[in-house]
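The letters A, B, C and D name the chains in turn, as written, and every chain counts its residues from 1.
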Amino acid sequence: MTAKTIFTTSVEFGDCDPAGIVWFPNFFRWIDAASRNYFIQRGVPPWRELEKAVGLVGTPLVSCTSKFVAPATYGDRVNIHTHIAEWGRTSFVQAHVVERVRDDLSTTLLHCREVRVFAAKVEEGSNGIRAIPIPALVRHLCS
Amino acid sequence: MTAKTIFTTSVEFGDCDPAGIVWFPNFFRWIDAASRNYFIQRGVPPWRELEKAVGLVGTPLVSCTSKFVAPATYGDRVNIHTHIAEWGRTSFVQAHVVERVRDDLSTTLLHCREVRVFAAKVEEGSNGIRAIPIPALVRHLCS
Amino acid sequence: MTAKTIFTTSVEFGDCDPAGIVWFPNFFRWIDAASRNYFIQRGVPPWRELEKAVGLVGTPLVSCTSKFVAPATYGDRVNIHTHIAEWGRTSFVQAHVVERVRDDLSTTLLHCREVRVFAAKVEEGSNGIRAIPIPALVRHLCS
Amino acid sequence: MTAKTIFTTSVEFGDCDPAGIVWFPNFFRWIDAASRNYFIQRGVPPWRELEKAVGLVGTPLVSCTSKFVAPATYGDRVNIHTHIAEWGRTSFVQAHVVERVRDDLSTTLLHCREVRVFAAKVEEGSNGIRAIPIPALVRHLCS
(Lines give C-alpha, C1' and ligand atoms only; values in the text may rest on other atoms or scores of the structure.)
Protein backbone atom coordinates (compact mmCIF):
# COMPACT_ATOMS: atom_id res chain seq x y z
CA MET A 1 0.00 0.00 0.00
CA THR A 2 1.29 3.44 -0.82
CA ALA A 3 1.16 6.42 1.45
CA LYS A 4 -1.08 9.42 0.83
CA THR A 5 -0.46 12.84 2.27
CA ILE A 6 -2.59 15.96 2.56
CA PHE A 7 -1.28 19.49 2.18
CA THR A 8 -3.59 22.28 3.31
CA THR A 9 -3.58 25.98 2.55
CA SER A 10 -5.98 28.92 2.44
CA VAL A 11 -6.89 30.88 -0.66
CA GLU A 12 -6.06 34.56 -0.25
CA PHE A 13 -7.34 37.70 -1.97
CA GLY A 14 -4.06 38.12 -3.85
CA ASP A 15 -4.25 34.56 -5.20
CA CYS A 16 -7.30 35.60 -7.21
CA ASP A 17 -7.45 37.43 -10.52
CA PRO A 18 -9.83 40.13 -11.82
CA ALA A 19 -12.44 37.39 -12.44
CA GLY A 20 -12.41 36.83 -8.66
CA ILE A 21 -11.15 33.24 -8.89
CA VAL A 22 -7.77 31.62 -8.21
CA TRP A 23 -5.29 32.47 -10.95
CA PHE A 24 -4.16 29.02 -12.13
CA PRO A 25 -0.36 29.38 -11.69
CA ASN A 26 -1.09 29.59 -7.97
CA PHE A 27 -2.46 26.04 -8.10
CA PHE A 28 0.95 24.91 -9.35
CA ARG A 29 2.59 26.84 -6.52
CA TRP A 30 0.53 24.83 -4.02
CA ILE A 31 1.02 21.55 -5.90
CA ASP A 32 4.77 22.07 -5.72
CA ALA A 33 4.47 22.55 -1.97
CA ALA A 34 2.32 19.39 -1.77
CA SER A 35 4.96 17.48 -3.72
CA ARG A 36 7.73 18.42 -1.28
CA ASN A 37 5.39 17.98 1.70
CA TYR A 38 4.90 14.34 0.64
CA PHE A 39 8.58 13.63 1.23
CA ILE A 40 8.72 15.59 4.49
CA GLN A 41 5.74 13.61 5.82
CA ARG A 42 7.59 10.37 4.97
CA GLY A 43 10.61 11.52 6.98
CA VAL A 44 12.84 12.47 4.04
CA PRO A 45 15.32 15.22 5.07
CA PRO A 46 15.01 18.64 3.39
CA TRP A 47 16.72 18.97 0.00
CA ARG A 48 19.43 21.21 1.48
CA GLU A 49 20.62 18.29 3.60
CA LEU A 50 20.44 15.82 0.73
CA GLU A 51 22.41 18.33 -1.32
CA LYS A 52 25.32 18.03 1.09
CA ALA A 53 24.96 14.24 1.24
CA VAL A 54 24.27 13.24 -2.36
CA GLY A 55 24.22 16.45 -4.41
CA LEU A 56 20.43 16.49 -4.79
CA VAL A 57 19.06 19.99 -5.55
CA GLY A 58 15.38 19.16 -5.89
CA THR A 59 12.80 17.26 -7.94
CA PRO A 60 12.18 19.31 -11.10
CA LEU A 61 9.26 18.55 -13.40
CA VAL A 62 9.64 16.53 -16.57
CA SER A 63 5.99 16.62 -17.53
CA CYS A 64 2.66 17.57 -16.09
CA THR A 65 -0.95 16.91 -17.06
CA SER A 66 -3.80 18.74 -15.36
CA LYS A 67 -7.57 18.87 -15.62
CA PHE A 68 -9.40 21.80 -14.05
CA VAL A 69 -12.91 21.01 -12.88
CA ALA A 70 -14.09 23.87 -10.65
CA PRO A 71 -12.75 27.26 -9.51
CA ALA A 72 -11.94 28.50 -5.99
CA THR A 73 -11.97 31.95 -4.45
CA TYR A 74 -10.53 33.73 -1.39
CA GLY A 75 -11.82 32.38 1.89
CA ASP A 76 -11.83 28.79 0.59
CA ARG A 77 -9.58 26.15 2.16
CA VAL A 78 -7.62 24.02 -0.27
CA ASN A 79 -6.57 20.42 0.46
CA ILE A 80 -4.19 18.60 -1.85
CA HIS A 81 -4.18 14.80 -1.70
CA THR A 82 -0.89 13.42 -2.97
CA HIS A 83 0.52 9.99 -3.63
CA ILE A 84 3.21 8.43 -5.77
CA ALA A 85 1.68 6.37 -8.55
CA GLU A 86 4.89 4.96 -9.98
CA TRP A 87 8.61 4.79 -9.26
CA GLY A 88 11.30 4.73 -11.96
CA ARG A 89 15.07 4.67 -11.60
CA THR A 90 15.59 8.45 -11.62
CA SER A 91 11.96 9.56 -11.95
CA PHE A 92 8.59 9.11 -10.26
CA VAL A 93 4.97 9.86 -11.05
CA GLN A 94 3.19 11.92 -8.43
CA ALA A 95 -0.58 12.37 -8.54
CA HIS A 96 -2.43 15.22 -6.86
CA VAL A 97 -6.13 15.83 -6.32
CA VAL A 98 -6.89 19.39 -5.30
CA GLU A 99 -10.17 20.07 -3.51
CA ARG A 100 -11.66 23.14 -1.92
CA VAL A 101 -13.60 23.23 1.33
CA ARG A 102 -16.30 25.90 1.51
CA ASP A 103 -19.11 25.89 4.08
CA ASP A 104 -18.02 22.35 5.10
CA LEU A 105 -18.55 21.13 1.55
CA SER A 106 -15.68 19.51 -0.37
CA THR A 107 -15.48 19.99 -4.13
CA THR A 108 -12.77 18.62 -6.41
CA LEU A 109 -11.03 21.47 -8.23
CA LEU A 110 -8.38 19.76 -10.30
CA HIS A 111 -6.40 16.61 -10.98
CA CYS A 112 -2.69 16.80 -11.71
CA ARG A 113 -0.26 14.07 -12.70
CA GLU A 114 3.41 14.99 -12.64
CA VAL A 115 6.57 13.21 -13.73
CA ARG A 116 9.54 14.48 -11.74
CA VAL A 117 13.19 13.50 -11.49
CA PHE A 118 15.67 13.68 -8.69
CA ALA A 119 18.27 16.14 -9.92
CA ALA A 120 21.81 17.25 -9.19
CA LYS A 121 23.92 20.04 -10.68
CA VAL A 122 25.80 19.06 -13.84
CA GLU A 123 28.82 20.49 -12.05
CA GLU A 124 29.39 22.62 -8.96
CA GLY A 125 28.22 26.21 -9.52
CA SER A 126 26.59 25.32 -12.85
CA ASN A 127 22.96 26.09 -13.77
CA GLY A 128 22.67 22.86 -15.70
CA ILE A 129 21.01 19.94 -13.94
CA ARG A 130 20.96 16.19 -14.57
CA ALA A 131 18.79 13.33 -13.32
CA ILE A 132 20.33 11.09 -10.68
CA PRO A 133 19.23 7.68 -9.34
CA ILE A 134 16.65 8.10 -6.59
CA PRO A 135 18.61 8.11 -3.32
CA ALA A 136 18.24 4.76 -1.48
CA LEU A 137 17.15 6.56 1.70
CA VAL A 138 14.31 8.31 -0.12
CA ARG A 139 13.19 5.10 -1.78
CA HIS A 140 13.26 3.30 1.55
CA LEU A 141 11.30 5.95 3.47
CA CYS A 142 8.62 6.17 0.79
CA SER A 143 7.92 2.42 0.45
CA MET B 1 -3.01 29.91 -42.18
CA THR B 2 -3.10 30.58 -38.48
CA ALA B 3 -1.35 33.40 -36.74
CA LYS B 4 1.59 32.92 -34.41
CA THR B 5 2.60 35.42 -31.77
CA ILE B 6 5.70 35.82 -29.64
CA PHE B 7 5.68 36.98 -26.04
CA THR B 8 9.05 37.96 -24.57
CA THR B 9 10.16 38.39 -20.99
CA SER B 10 13.34 38.26 -18.93
CA VAL B 11 14.11 35.76 -16.20
CA GLU B 12 14.77 37.50 -12.90
CA PHE B 13 16.62 36.43 -9.74
CA GLY B 14 13.36 36.04 -7.84
CA ASP B 15 11.92 33.74 -10.53
CA CYS B 16 14.56 31.17 -9.56
CA ASP B 17 14.52 28.71 -6.67
CA PRO B 18 17.30 27.50 -4.37
CA ALA B 19 18.53 25.22 -7.19
CA GLY B 20 19.24 28.43 -9.15
CA ILE B 21 16.75 27.62 -11.94
CA VAL B 22 13.30 28.95 -12.81
CA TRP B 23 10.70 27.63 -10.38
CA PHE B 24 8.16 26.01 -12.71
CA PRO B 25 4.98 27.86 -11.64
CA ASN B 26 6.63 30.97 -13.09
CA PHE B 27 6.56 29.33 -16.52
CA PHE B 28 2.77 29.12 -16.20
CA ARG B 29 2.69 32.77 -15.17
CA TRP B 30 4.44 33.66 -18.45
CA ILE B 31 2.36 31.22 -20.50
CA ASP B 32 -0.80 32.86 -19.18
CA ALA B 33 0.58 36.23 -20.29
CA ALA B 34 1.43 34.73 -23.69
CA SER B 35 -2.11 33.38 -24.00
CA ARG B 36 -3.65 36.81 -23.42
CA ASN B 37 -0.98 38.48 -25.56
CA TYR B 38 -2.11 36.31 -28.48
CA PHE B 39 -5.53 37.95 -28.45
CA ILE B 40 -4.15 41.46 -27.93
CA GLN B 41 -1.85 41.00 -30.94
CA ARG B 42 -4.87 39.97 -33.03
CA GLY B 43 -6.69 43.17 -32.07
CA VAL B 44 -9.08 41.64 -29.53
CA PRO B 45 -10.08 44.22 -26.89
CA PRO B 46 -9.00 43.62 -23.27
CA TRP B 47 -11.25 41.30 -21.22
CA ARG B 48 -12.52 44.24 -19.15
CA GLU B 49 -14.12 45.72 -22.29
CA LEU B 50 -15.54 42.38 -23.40
CA GLU B 51 -16.93 41.97 -19.89
CA LYS B 52 -19.07 45.06 -20.37
CA ALA B 53 -20.08 43.97 -23.89
CA VAL B 54 -20.68 40.23 -23.54
CA GLY B 55 -20.00 39.33 -19.90
CA LEU B 56 -16.66 37.67 -20.64
CA VAL B 57 -14.37 37.52 -17.60
CA GLY B 58 -11.44 35.65 -19.09
CA THR B 59 -10.28 32.38 -20.61
CA PRO B 60 -9.78 29.93 -17.72
CA LEU B 61 -7.97 26.62 -18.22
CA VAL B 62 -9.83 23.36 -18.68
CA SER B 63 -6.74 21.23 -19.11
CA CYS B 64 -3.03 21.60 -19.65
CA THR B 65 -0.26 19.24 -20.75
CA SER B 66 3.39 20.29 -20.49
CA LYS B 67 6.76 18.75 -21.21
CA PHE B 68 9.83 20.34 -19.67
CA VAL B 69 13.01 19.89 -21.67
CA ALA B 70 15.64 22.28 -20.29
CA PRO B 71 15.93 24.77 -17.40
CA ALA B 72 16.52 28.53 -17.47
CA THR B 73 18.13 30.90 -15.02
CA TYR B 74 18.22 34.63 -14.27
CA GLY B 75 19.70 36.70 -17.07
CA ASP B 76 18.11 34.50 -19.75
CA ARG B 77 15.53 35.94 -22.15
CA VAL B 78 12.42 33.85 -22.64
CA ASN B 79 10.36 33.82 -25.84
CA ILE B 80 7.00 32.10 -25.97
CA HIS B 81 5.67 31.14 -29.40
CA THR B 82 1.91 30.78 -29.31
CA HIS B 83 -0.75 29.70 -31.76
CA ILE B 84 -4.27 28.30 -31.67
CA ALA B 85 -4.31 24.69 -32.79
CA GLU B 86 -8.05 24.15 -32.70
CA TRP B 87 -11.29 26.08 -32.22
CA GLY B 88 -14.38 24.64 -30.55
CA ARG B 89 -17.71 26.29 -29.82
CA THR B 90 -16.84 27.54 -26.32
CA SER B 91 -13.26 26.26 -26.10
CA PHE B 92 -9.97 26.42 -27.98
CA VAL B 93 -6.64 24.66 -27.90
CA GLN B 94 -3.65 26.95 -27.52
CA ALA B 95 -0.12 25.63 -28.02
CA HIS B 96 2.98 27.29 -26.60
CA VAL B 97 6.65 26.64 -27.18
CA VAL B 98 8.88 28.31 -24.60
CA GLU B 99 12.49 28.91 -25.49
CA ARG B 100 15.32 30.68 -23.75
CA VAL B 101 17.91 32.90 -25.40
CA ARG B 102 21.34 32.88 -23.75
CA ASP B 103 24.51 34.16 -25.45
CA ASP B 104 22.51 34.42 -28.71
CA LEU B 105 21.69 30.71 -28.54
CA SER B 106 18.05 29.57 -28.56
CA THR B 107 17.11 26.43 -26.62
CA THR B 108 13.63 24.97 -26.29
CA LEU B 109 12.62 24.82 -22.63
CA LEU B 110 9.12 23.43 -22.70
CA HIS B 111 6.04 22.63 -24.74
CA CYS B 112 2.59 23.35 -23.38
CA ARG B 113 -0.82 22.54 -24.80
CA GLU B 114 -3.79 24.17 -23.13
CA VAL B 115 -7.53 23.82 -23.49
CA ARG B 116 -9.27 27.02 -22.43
CA VAL B 117 -12.85 28.26 -22.49
CA PHE B 118 -14.34 31.68 -22.82
CA ALA B 119 -16.09 32.23 -19.51
CA ALA B 120 -18.72 34.48 -17.93
CA LYS B 121 -19.99 34.70 -14.36
CA VAL B 122 -22.82 32.28 -13.55
CA GLU B 123 -24.58 35.37 -12.23
CA GLU B 124 -23.58 38.93 -11.39
CA GLY B 125 -21.39 39.06 -8.27
CA SER B 126 -21.04 35.27 -8.16
CA ASN B 127 -17.74 33.40 -8.02
CA GLY B 128 -19.10 30.64 -10.21
CA ILE B 129 -18.20 30.75 -13.91
CA ARG B 130 -19.65 29.08 -17.00
CA ALA B 131 -18.40 28.58 -20.54
CA ILE B 132 -19.94 30.83 -23.21
CA PRO B 133 -19.83 30.63 -27.00
CA ILE B 134 -16.69 32.27 -28.34
CA PRO B 135 -17.66 35.88 -29.13
CA ALA B 136 -18.06 36.40 -32.90
CA LEU B 137 -15.65 39.36 -32.80
CA VAL B 138 -12.91 37.25 -31.24
CA ARG B 139 -13.43 34.41 -33.71
CA HIS B 140 -13.34 36.89 -36.59
CA LEU B 141 -10.16 38.67 -35.47
CA CYS B 142 -8.30 35.39 -34.90
CA SER B 143 -9.09 33.75 -38.25
CA MET C 1 -7.61 47.46 24.28
CA THR C 2 -7.07 46.58 20.68
CA ALA C 3 -7.25 43.12 19.21
CA LYS C 4 -4.25 41.24 17.91
CA THR C 5 -4.46 38.42 15.41
CA ILE C 6 -1.97 35.80 14.25
CA PHE C 7 -1.70 34.54 10.69
CA THR C 8 0.37 31.41 10.17
CA THR C 9 1.92 29.93 7.06
CA SER C 10 4.78 27.65 6.06
CA VAL C 11 7.78 28.67 3.98
CA GLU C 12 8.03 26.56 0.84
CA PHE C 13 10.95 25.75 -1.48
CA GLY C 14 9.53 27.99 -4.20
CA ASP C 15 9.29 30.95 -1.82
CA CYS C 16 13.09 30.98 -1.65
CA ASP C 17 15.57 32.47 -4.11
CA PRO C 18 18.96 31.24 -5.34
CA ALA C 19 20.48 32.41 -2.05
CA GLY C 20 18.25 29.83 -0.33
CA ILE C 21 16.27 32.39 1.66
CA VAL C 22 12.76 33.82 1.31
CA TRP C 23 12.57 36.23 -1.60
CA PHE C 24 11.25 39.40 0.06
CA PRO C 25 8.14 40.06 -2.11
CA ASN C 26 6.78 36.82 -0.61
CA PHE C 27 6.80 38.47 2.82
CA PHE C 28 4.46 41.12 1.41
CA ARG C 29 2.26 38.36 0.00
CA TRP C 30 1.90 36.92 3.51
CA ILE C 31 1.51 40.36 5.14
CA ASP C 32 -1.36 41.10 2.77
CA ALA C 33 -2.99 37.83 3.84
CA ALA C 34 -2.41 38.76 7.49
CA SER C 35 -4.03 42.16 6.89
CA ARG C 36 -7.21 40.59 5.49
CA ASN C 37 -7.12 37.82 8.12
CA TYR C 38 -7.31 40.52 10.81
CA PHE C 39 -10.72 41.59 9.58
CA ILE C 40 -11.98 38.03 9.08
CA GLN C 41 -10.98 37.19 12.67
CA ARG C 42 -12.96 40.21 13.87
CA GLY C 43 -16.06 38.95 12.06
CA VAL C 44 -15.93 41.38 9.13
CA PRO C 45 -17.57 39.84 6.02
CA PRO C 46 -15.35 39.13 2.98
CA TRP C 47 -14.75 42.09 0.66
CA ARG C 48 -16.98 40.54 -2.02
CA GLU C 49 -19.97 40.90 0.30
CA LEU C 50 -19.06 44.44 1.33
CA GLU C 51 -18.69 45.23 -2.36
CA LYS C 52 -22.37 44.47 -2.88
CA ALA C 53 -23.34 46.34 0.28
CA VAL C 54 -21.15 49.47 0.20
CA GLY C 55 -19.01 49.22 -2.95
CA LEU C 56 -15.85 48.32 -1.06
CA VAL C 57 -13.28 46.55 -3.27
CA GLY C 58 -10.47 46.13 -0.75
CA THR C 59 -7.95 47.95 1.40
CA PRO C 60 -5.11 49.07 -0.91
CA LEU C 61 -1.82 50.36 0.48
CA VAL C 62 -1.04 54.05 0.76
CA SER C 63 2.35 53.61 2.32
CA CYS C 64 4.48 50.94 3.88
CA THR C 65 7.63 50.94 6.00
CA SER C 66 9.52 47.71 6.71
CA LYS C 67 12.64 46.67 8.55
CA PHE C 68 14.14 43.26 7.80
CA VAL C 69 16.02 41.72 10.69
CA ALA C 70 16.63 38.03 9.87
CA PRO C 71 16.02 35.68 6.94
CA ALA C 72 13.86 32.53 6.73
CA THR C 73 14.12 29.42 4.61
CA TYR C 74 11.90 26.52 3.50
CA GLY C 75 10.74 24.33 6.34
CA ASP C 76 10.33 27.33 8.67
CA ARG C 77 6.90 28.27 10.02
CA VAL C 78 6.01 31.95 9.81
CA ASN C 79 3.67 33.71 12.25
CA ILE C 80 2.48 37.24 11.59
CA HIS C 81 1.21 39.23 14.56
CA THR C 82 -1.10 42.00 13.42
CA HIS C 83 -2.91 44.87 15.07
CA ILE C 84 -4.36 48.21 14.13
CA ALA C 85 -2.30 51.02 15.59
CA GLU C 86 -4.48 53.92 14.47
CA TRP C 87 -7.83 54.62 12.84
CA GLY C 88 -8.50 57.56 10.52
CA ARG C 89 -11.66 58.48 8.66
CA THR C 90 -10.87 56.55 5.46
CA SER C 91 -7.53 55.08 6.44
CA PHE C 92 -5.93 52.97 9.17
CA VAL C 93 -2.44 52.04 10.28
CA GLN C 94 -1.81 48.32 10.53
CA ALA C 95 1.34 46.99 12.19
CA HIS C 96 2.76 43.53 11.56
CA VAL C 97 5.55 41.63 13.26
CA VAL C 98 6.70 38.62 11.27
CA GLU C 99 8.51 35.85 13.11
CA ARG C 100 9.77 32.45 12.09
CA VAL C 101 9.58 29.30 14.18
CA ARG C 102 12.43 26.83 13.60
CA ASP C 103 13.24 23.98 16.01
CA ASP C 104 10.75 25.50 18.50
CA LEU C 105 12.71 28.75 18.51
CA SER C 106 10.97 32.02 17.57
CA THR C 107 12.98 34.73 15.83
CA THR C 108 11.68 38.10 14.66
CA LEU C 109 12.17 38.46 10.91
CA LEU C 110 10.69 41.82 10.11
CA HIS C 111 8.52 44.70 11.24
CA CYS C 112 6.08 46.31 8.85
CA ARG C 113 3.85 49.36 9.30
CA GLU C 114 1.24 49.93 6.63
CA VAL C 115 -1.21 52.74 5.93
CA ARG C 116 -4.20 51.42 4.04
CA VAL C 117 -7.50 52.91 2.90
CA PHE C 118 -10.91 51.43 2.38
CA ALA C 119 -11.50 51.80 -1.34
CA ALA C 120 -14.33 51.72 -3.87
CA LYS C 121 -14.31 51.98 -7.66
CA VAL C 122 -14.39 55.56 -8.98
CA GLU C 123 -17.26 54.33 -11.11
CA GLU C 124 -18.70 50.92 -12.02
CA GLY C 125 -16.37 49.00 -14.36
CA SER C 126 -13.58 51.55 -13.91
CA ASN C 127 -10.01 50.71 -12.86
CA GLY C 128 -9.74 53.88 -10.85
CA ILE C 129 -10.30 53.64 -7.11
CA ARG C 130 -11.08 56.21 -4.40
CA ALA C 131 -10.94 56.16 -0.61
CA ILE C 132 -14.28 55.85 1.19
CA PRO C 133 -15.19 56.36 4.86
CA ILE C 134 -14.53 53.21 6.87
CA PRO C 135 -17.84 51.30 6.91
CA ALA C 136 -19.54 51.61 10.31
CA LEU C 137 -19.87 47.82 10.58
CA VAL C 138 -16.12 47.37 10.14
CA ARG C 139 -15.33 50.10 12.65
CA HIS C 140 -17.73 48.54 15.13
CA LEU C 141 -16.43 44.98 14.79
CA CYS C 142 -12.81 46.10 15.17
CA SER C 143 -13.23 48.22 18.30
CA MET D 1 26.80 62.45 -11.43
CA THR D 2 25.12 59.17 -10.63
CA ALA D 3 23.68 56.80 -13.18
CA LYS D 4 19.98 56.17 -13.59
CA THR D 5 18.55 53.08 -15.17
CA ILE D 6 15.09 52.17 -16.42
CA PHE D 7 13.53 48.74 -16.08
CA THR D 8 10.39 48.12 -18.15
CA THR D 9 7.73 45.47 -17.88
CA SER D 10 4.09 44.93 -18.80
CA VAL D 11 1.23 44.46 -16.36
CA GLU D 12 -0.53 41.15 -16.95
CA PHE D 13 -4.01 39.91 -16.05
CA GLY D 14 -2.60 37.62 -13.36
CA ASP D 15 -0.74 40.52 -11.71
CA CYS D 16 -4.12 42.03 -10.82
CA ASP D 17 -6.42 41.16 -7.92
CA PRO D 18 -10.22 40.93 -7.71
CA ALA D 19 -10.37 44.75 -7.58
CA GLY D 20 -8.86 44.72 -11.08
CA ILE D 21 -5.66 46.53 -10.08
CA VAL D 22 -2.07 45.39 -9.54
CA TRP D 23 -1.76 43.44 -6.30
CA PHE D 24 0.98 45.36 -4.44
CA PRO D 25 3.47 42.50 -3.80
CA ASN D 26 3.91 42.40 -7.58
CA PHE D 27 5.32 45.94 -7.45
CA PHE D 28 8.04 44.64 -5.13
CA ARG D 29 8.69 41.78 -7.55
CA TRP D 30 9.37 44.35 -10.28
CA ILE D 31 11.34 46.66 -7.98
CA ASP D 32 13.61 43.75 -7.10
CA ALA D 33 14.17 43.16 -10.82
CA ALA D 34 14.88 46.88 -11.27
CA SER D 35 17.41 46.77 -8.43
CA ARG D 36 19.38 43.94 -10.03
CA ASN D 37 18.94 45.49 -13.49
CA TYR D 38 20.72 48.60 -12.20
CA PHE D 39 23.89 46.60 -11.62
CA ILE D 40 23.62 44.67 -14.88
CA GLN D 41 23.30 47.97 -16.79
CA ARG D 42 26.48 49.20 -15.08
CA GLY D 43 28.36 46.11 -16.23
CA VAL D 44 28.39 44.27 -12.91
CA PRO D 45 28.54 40.49 -13.46
CA PRO D 46 25.56 38.37 -12.36
CA TRP D 47 25.51 37.37 -8.68
CA ARG D 48 26.30 33.75 -9.56
CA GLU D 49 29.70 34.86 -10.88
CA LEU D 50 30.38 37.12 -7.92
CA GLU D 51 29.44 34.21 -5.67
CA LYS D 52 32.34 32.21 -7.07
CA ALA D 53 34.67 35.23 -6.87
CA VAL D 54 33.80 36.84 -3.54
CA GLY D 55 31.03 34.72 -1.99
CA LEU D 56 28.30 37.27 -2.75
CA VAL D 57 24.82 35.70 -2.84
CA GLY D 58 22.75 38.82 -3.50
CA THR D 59 21.65 42.16 -2.10
CA PRO D 60 18.94 41.45 0.49
CA LEU D 61 16.77 44.23 1.90
CA VAL D 62 17.46 45.83 5.25
CA SER D 63 14.61 48.31 5.08
CA CYS D 64 12.12 49.68 2.64
CA THR D 65 9.81 52.68 2.58
CA SER D 66 7.14 53.06 -0.10
CA LYS D 67 4.39 55.50 -0.98
CA PHE D 68 1.65 54.38 -3.34
CA VAL D 69 0.11 57.16 -5.38
CA ALA D 70 -1.96 55.58 -8.17
CA PRO D 71 -2.97 52.06 -9.27
CA ALA D 72 -2.21 50.20 -12.52
CA THR D 73 -4.07 47.51 -14.40
CA TYR D 74 -3.36 44.89 -17.06
CA GLY D 75 -2.38 46.36 -20.39
CA ASP D 76 -0.38 49.15 -18.75
CA ARG D 77 3.38 49.39 -19.27
CA VAL D 78 5.42 49.96 -16.16
CA ASN D 79 8.76 51.80 -16.11
CA ILE D 80 10.94 51.83 -13.02
CA HIS D 81 13.52 54.59 -12.72
CA THR D 82 16.33 53.55 -10.39
CA HIS D 83 19.38 55.20 -8.95
CA ILE D 84 21.66 54.83 -5.95
CA ALA D 85 21.17 57.68 -3.53
CA GLU D 86 23.88 56.75 -1.06
CA TRP D 87 26.75 54.30 -0.62
CA GLY D 88 27.84 52.85 2.73
CA ARG D 89 30.54 50.33 3.49
CA THR D 90 28.36 47.21 3.23
CA SER D 91 25.04 48.85 2.37
CA PHE D 92 23.54 51.23 -0.17
CA VAL D 93 20.34 53.21 -0.58
CA GLN D 94 18.51 52.56 -3.83
CA ALA D 95 15.61 54.78 -4.88
CA HIS D 96 12.92 53.72 -7.36
CA VAL D 97 10.15 55.68 -9.03
CA VAL D 98 7.54 53.46 -10.64
CA GLU D 99 5.38 54.93 -13.37
CA ARG D 100 2.77 53.48 -15.67
CA VAL D 101 2.34 54.33 -19.33
CA ARG D 102 -1.26 54.14 -20.60
CA ASP D 103 -2.41 55.72 -23.87
CA ASP D 104 0.99 57.48 -24.10
CA LEU D 105 0.39 59.14 -20.75
CA SER D 106 2.89 58.64 -17.90
CA THR D 107 1.61 58.61 -14.32
CA THR D 108 3.70 58.09 -11.21
CA LEU D 109 2.46 55.04 -9.30
CA LEU D 110 4.80 54.78 -6.37
CA HIS D 111 8.08 55.84 -4.78
CA CYS D 112 10.26 53.32 -3.01
CA ARG D 113 13.46 53.79 -1.04
CA GLU D 114 15.38 50.68 -0.12
CA VAL D 115 18.41 50.00 2.04
CA ARG D 116 20.17 46.85 0.88
CA VAL D 117 23.39 45.10 1.83
CA PHE D 118 25.80 42.98 -0.13
CA ALA D 119 25.55 39.58 1.51
CA ALA D 120 27.46 36.30 1.73
CA LYS D 121 26.61 33.03 3.45
CA VAL D 122 27.63 32.87 7.10
CA GLU D 123 29.27 29.59 6.13
CA GLU D 124 29.14 27.27 3.12
CA GLY D 125 25.78 25.46 2.92
CA SER D 126 24.27 27.61 5.69
CA ASN D 127 21.03 29.58 5.41
CA GLY D 128 22.41 32.38 7.51
CA ILE D 129 23.72 35.44 5.69
CA ARG D 130 26.02 38.29 6.72
CA ALA D 131 26.79 41.69 5.23
CA ILE D 132 30.12 42.01 3.42
CA PRO D 133 32.02 45.09 2.22
CA ILE D 134 30.79 46.18 -1.19
CA PRO D 135 33.09 44.48 -3.71
CA ALA D 136 35.59 46.96 -5.18
CA LEU D 137 34.60 46.00 -8.73
CA VAL D 138 30.94 46.82 -8.04
CA ARG D 139 31.83 50.13 -6.40
CA HIS D 140 34.06 51.02 -9.36
CA LEU D 141 31.51 50.15 -12.05
CA CYS D 142 28.74 52.10 -10.32
CA SER D 143 30.65 55.37 -9.77
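By definition in this document, a contact is a pair of C-beta atoms (placed from the backbone, for glycine too) under 8 Å apart; a residue touches a chain by one contact, two chains touch by 3 or more.
Values in this document were obtained by computation on a predicted structure and should not be read as measured data.
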Write down the chain pair with more C-beta contact pairs when C-D is set against A-C.
-> C-D
Report the chain whose mean Cα position is at the greatest distance from that of subunit B.
-> C
Centre to centre, by mean C-alpha position, how many angstrom separate subunit A and subunit C?
-> 27
If you average the CA atoms of subunit B and of subunit C, how far apart do the two points sit, in angstrom?
-> 30
Distance between chain centroids, defined by C-alpha means - subunit C, subunit D (Å) | 22
Which residue numbers or ranges of subunit D touch two or more of the other chains?
-> 13-14, 17-20, 23, 25, 29, 32, 47-48, 58, 73-74, 127
Which residues of subunit D touch subunit C in their complex?
-> 17-21, 23-26, 28-29, 32, 47-48, 57-58, 60-68, 71, 73, 119, 121, 127-129
Can you name the residues of subunit A that touch subunit D in the complex?
-> 13-14, 16-20, 23, 25, 48, 51-52, 74, 125, 127
Residue ranges of subunit D touching subunit B (in the complex, touch as defined) = 9-10, 12-14, 20, 29, 32-33, 36, 40, 46-48, 58, 73-75
